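Multiple structures are listed underneath, in structure tokens.
Next come two complexes, and both contain subunit A; in the first it sits with subunit B, in the second with subunit C.
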Partner chain A sequence: MIKEEKSTIDSLPVLPESSVQLLEELSNAVGVSGNENEIRSIIRREVSSVADNLTTDTIGNLIAVKHAKNDHALRVMVAAHMDEVGFMIVDKESDGIFKFQVVGGIDERALAGKAVQVGKKHAPGVIGACPVHLSTPAEREVILKTENLRIDTGPGSKDIEIGDYATFSTKFKRMGGSFCGKAIDNRIGVATLIELLKNAPDSIELIAAFTVQEEVGLRGAEVAAYNINPDFAFVIDCTPANDQPAWDHSENTLYRTKLGQGPAIYTNDSRTLYDHRLIRYLSDLGDRYGIRYQYRQPASGGTDAGAIHTSRSGIPTISLSVPGRYTHTAASVIRKADWEEHYRLMTVALRHIDADILKENR
Partner chain B sequence: MDEKTSLKEFLKSIISLPGISGYETAVSSAIAAKWKPLTDEIIVSPVGNLYGIKKGFLSKNGKPSKRIMMAVHMDGIGMVIERIEKDVLYFAPIGGFDPRILPGQEVIIHSRSGDIQGIIVQLAPHLLSEPFTGKPVPLDQLVIDTGLNAEELKETVQAGDTVSYANLPFEMPSDCIAGHSLDNRASVAAVTQCLTELQRFNHAWDVYAVGTTQEETVFLSRTTVSDVKPDIAIAIDVTFAKGPGVDNYKGKPLESGPSIGFGANIHPVLFNQLKQLCEQLDIPYTLDPLPQMSGTDAHPIQTASGGVATCLLSIPLRYMHTPVEMISIKDVMRVGHLMAEYIARLDENSLDSIKWED
Partner chain C sequence: MKNLLEKLTQTPGVSGYENEIREVIRKEIEPFADDIQIDVMGNLIARKGIKKSGGKRIMISSHMDEIGLMASHINDKGFVYVATIGGVNPLTCFGARVKFLNGTEGVVYAETKKMDKVPTVDQLFVDVGADSAETCPVKVGDEAVFVRSFLDMGNRVVSKAIDDRIGCLVAIETIKALKDSPNELFFVFSTQEEVGLRGAKTSAFSINPEMGIAIDVTIAADVPHCEPGNPALGKGPCIKVRDGSLIAHPKVIDAMKKAADRAGIEVQMEVLRHAGTDAGAIQLVRSGVPAGCLSIACRYVHSPSEMVDINDVNESVRLLVDLLSNPVDL
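For the complex of A and B:
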């Protein structure tokens, strides 16, 4: 299936340090679902000189195309969602105190006591909590619900309107061999896709789809896939790793993915039974190049693939994700080594992709 | 830099330093450095209490000294590593807090091989003693993730290492500051403001600016009374500000000035003098009724070493004992100003006024 070519892992491009700086900028930027403007503008700055064509569609997806050298090349879509979970200001209660709701899936048990940034100007705010001195033990057994929490931007704060978006204000940081940030899901995919576009192989038409609204129902990807109508689609994202030790020291069999074990190939999730030809394609490449990979345990959850693979007549689609802990909270964690392996596997996947993969029946 | 900006910068710098209960050295050293040019002498007691002594003209002229003590606790709440399990750390609290604010918090572990960054997280339901669906995960099952793998973690962190919040302070509109440990570093800033203003006065009494330790745990401030032997003690702390989570009489509005405590822990004459001085100087203030113990250094100081005439000034603060506490620097300055004006008025005979009415 894979055409013979002498290649070792050493000849593969390595993620440059500038990618980490870009990930930092992307993770710190604010792009809650439906309001991805800041992310789009960073990506546009990064890819405008390398893309042959750069457009924003009606829903806000940013589509960057890199043409092949030859005609009739395969048209390969790689999708990474730009948006992140966050908050929207829904009501003003009093001077500087606002009611809010979550956008996307956030565990409300991780909201209280956090610093947030609100609106286009990133005005500082906090989600406070009742002082421990004034609550009873029984009250502390109950979740602090979003409807009872407030975003407090301080007395006299101005320029904050109902409808403004907010996120946690956690700053990106390096922790040993790991990165920590608020929106690594999925700025890691965005940073990877930018790098893939900069190093696109001549053999394919690469269509990089930076999608919107993944966190609220894969809505950007649905529009992008229809408009692009590619021969193949790859989705790159960040997937939960629940691989920590269990409280009772029993074996953790439901880890989904493990940090440090390389990028995770999806086999199935809530929305997609992945194309086994593409699963095989990625795992064969990993074996051949000595690139570490793992299979994500079949489970609920999903990626933009759910919308892409059912577009038009159906599009052969695969998801390859970087494992990440504590996604959809104020601070998620990934291992740099997993990201590097993810980039390598995606690089060889784009280099070798071939229509022959589809000769075998699904 | 004007006095307000300078005070803000100082306050932001001391809430960025570790100083959890029992481990106050880092913050205490920074406070000592700030107080040194404002006082005649700096002393650190064997248990870590910090004394900045500014002599008054009575003792300078060889007369019997009168002493007023301003006691502020320097310590804050934090955590301590309990055990290491593969690549996560379990921890225990130092001081009191609501575990529901912890998941997602950035922290620093003060290990013997240096500071290690981490975050407090709640694990997936299948990794807990029960799924805790729709319930908060209890503190003893929350963990810290440092991004280090199991081997690296074993090399660097030990049980007993302390843990501080890592989030940086930030300024908000209307001269508000948000961050962790504003309880009680805001009061440290108020005492600093008082010392700054006292440079402009020729005061009679000796002034003891006292940074106390372990208020959040065992109240080591009682030992300062034996060291200082004050005639009057003012404890300065924070109190609940009105806002989300606090809507009863205990909450004082932000920017409403000093809250003056009264109740069994407080000498009524001192309370009245402070209240009247606020009226006289047109300083906004609120009253802080304390039917039970105040939960501040005023409580141990009042009964230490044979008893001290004690009062309490408090700065309104939102979200107490969370990493996003919020105060107004205006209130901090008003408390400092009130104390400086009070001290400036103390004379040889002031103690005569401090007696019971009956």
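For the complex of A and C:
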């Protein structure tokens, strides 16, 4: 599938059109934290023929292993979380009107008026909002809290129960050089990891961990890392890009990442101070192969790396993310070019990984 | 000992980049340790002795890392915006000098028309003397430490990074002074304490100790109009009862008290409302480890001028040597 000359090591792979279709399917599918079944099924279908070993653990992580040619090869874990932020139904107020809570981090200001899908049968619904005609200027100054909002599915929604999940119902779109959809965080990582697994180099044992419950506290990664205990770990995710000018036209110094600047190498977040040996490994590879990359600004937030790097006696871990605008809203936007470069950098990173990286002490 | 403390405090070692301070400590303890390891997280682990009848495997953890800054954005004019590494108070940053690990020095200031309110971290920047992004020798992700010289006041000493190089000093002096012990001792000079007790967590997993003790500073409550508390400078080592990360194991507290009694050392009991030490991470590793903390009262913690009393340091070494030389009953 990869258009790559095997004879020239410097040739770089290209993401096939099929992976965009897969991203579309994954973005449209529903998998809020704790309820990742649907996503896991798609991944199983995609990787069952290429993985040497495919298991689902107790918490729900899907672990796919591709063996190396040799016995004593490095064991490299690549983690991508399957779950997305969303909602949970917590009370039935009247026929078709439901109270709900947020699962994972969603800004309450981005809720009112959004179309959602609810429950096991993806029943269509909407998070209701007062029409502008009827609200007073004073009311419009107030941010609506989740507890004051309701999901309206229309009467007769018998299948919806308390404890059911809901998520945005945005359909995936191609917009010029960008893609737009819900749950791009982190179906982009899932789609990338599937492609990496299909094209795994035989020099390493590649352990692909499709993790659960990242959005509620890196819970899947915690147990996956303990169980796998790899020599190295890479985490691939989608990271916020708040890269447009500030509303008051002051200098934007807090963009985190910028679209169109390539994949983002993490330096520091709430849970991880990234291993400088691996930061340098990725940036050196980017320089050598002419793959664009950027450093994610040190700031709050985090990835599965937070749980993985302090597992057991410590695991050398790095995060490489695709920058995404409007993440954790109904519609996030990424650049296809950033994804391409992300895939290339991950491909060469897996191809060249070597225990010598750790020769120099951290 | 003050010379060594000066060297320890003046060597940079911001969380995540502890290699330079680690080398200083390694050279200091090498002749006195039976085995030295450096792990994935950069922890320096020195073993002394082997477990004998009545002895235990004991982990003693002092963190090597110090708080600092990390470059987050270089603007067109060459100013370096920063994120904090560990609990840096922006109040202590106006006019402070910092040194990036590549050697670049700079002055910290903040976006403010008048110096009349506490800046947020987002408003802090470092002026490294560059006049454009292109000529700025710092890039996003580079770390810096505060620059502040060592001050010897006799009984009292002042420096940046007393937290927790003073703990490192106590551990080093203890390793040097220990003669014979039934215990197998693992002295950990840990990494990344200031960002969440991370080095202690992974090293404790490797060591799998039967008891854990952190050596760290605690907030001295003997300065004007401070938050009420017990620890005071010069009143002896503090035995921690609790902080935000730990309720010390009662038998570890007992063992520390008994050691103090045996050696005739005056101690203070310490209850801290917030914060944490490596002991908080050690206690939760694997199936749980009885853990406690020996603290040294320190004024102006997390400012570039932290102050301790040298007598507290000497007494802490004596307490620890006695504690670790004898069987511990848990």
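The definition used in the following text is that the second predicted complex is superposed on the first by the 352 of 362 C-alpha atoms of A that agree within 3 Å, B and C clash if a C-alpha of one lies under 4 Å from a C-alpha of the other, contacts with A are read in each partner's own complex, and residues count from 1 in each chain.
Heads up, the rule we're going with is that a contact is a pair of C-beta atoms (placed from the backbone, for glycine too) under 8 Å apart; a residue touches a chain by one contact, two chains touch by 3 or more.
Because the structure is predicted, anything quoted here is derived from the model rather than measured.
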Fit-or-clash call for subunit B and subunit C when the two complexes are aligned on subunit A: fit
Comparing the two partners subunit B and subunit C, which touches a greater set of residues in subunit A: B
Contacts of A:Ala110 with subunit B and subunit C, given as first, second, both or neither: first
Subunit C, subunit A and subunit B - angle at the middle CA centre, rounded to the nearest 10 degrees: 130
First, second, both or neither for A:Ala331, with subunit B first and subunit C second: first
Contacts of A:Ala225 with subunit B and subunit C, given as first, second, both or neither: neither
Which superposed partner A:Gly314 touches (first subunit B, second subunit C, both, neither): second
Touching partner for A:Ile97 - first (subunit B), second (subunit C), both, neither: first
Partner chain(s) touched by A:Ala79 [first = subunit B, second = subunit C, both, neither]: neither
First, second, both or neither for A:Leu254, with subunit B first and subunit C second: both
Distance in angstrom between the closest Cα atoms of subunit C and subunit B, superposition on A: 9
Footprint overlap on subunit A, where subunit B in one structure and subunit C in the other make contact: 254
In the complex with subunit A, residue positions of subunit B that touch it: 85-88, 96-106, 116-119, 121-124, 126-129, 134-137, 141, 143, 145-149, 152, 167, 170-174, 176, 178, 240, 243-246, 250, 254-255, 295, 318-324, 326, 328
List of subunit A residues in touch with subunit B within their complex: 96-97, 107, 109-110, 112-115, 124-135, 140-144, 149-150, 152-158, 168, 170, 173-180, 240, 242, 244-248, 252, 254, 259-260, 325-326, 329-331, 333, 335
Subunit A to subunit C touching residues, read off their complex: 251, 253-255, 267-268, 271, 273-274, 276, 279, 295, 297-299, 309-316, 358, 361-362
Subunit C to subunit A touching residues, read off their complex: 15-19, 22, 38-43, 70-73, 75, 81, 83, 85, 122, 139-141, 191-192, 195-196, 198, 201-203, 205-206
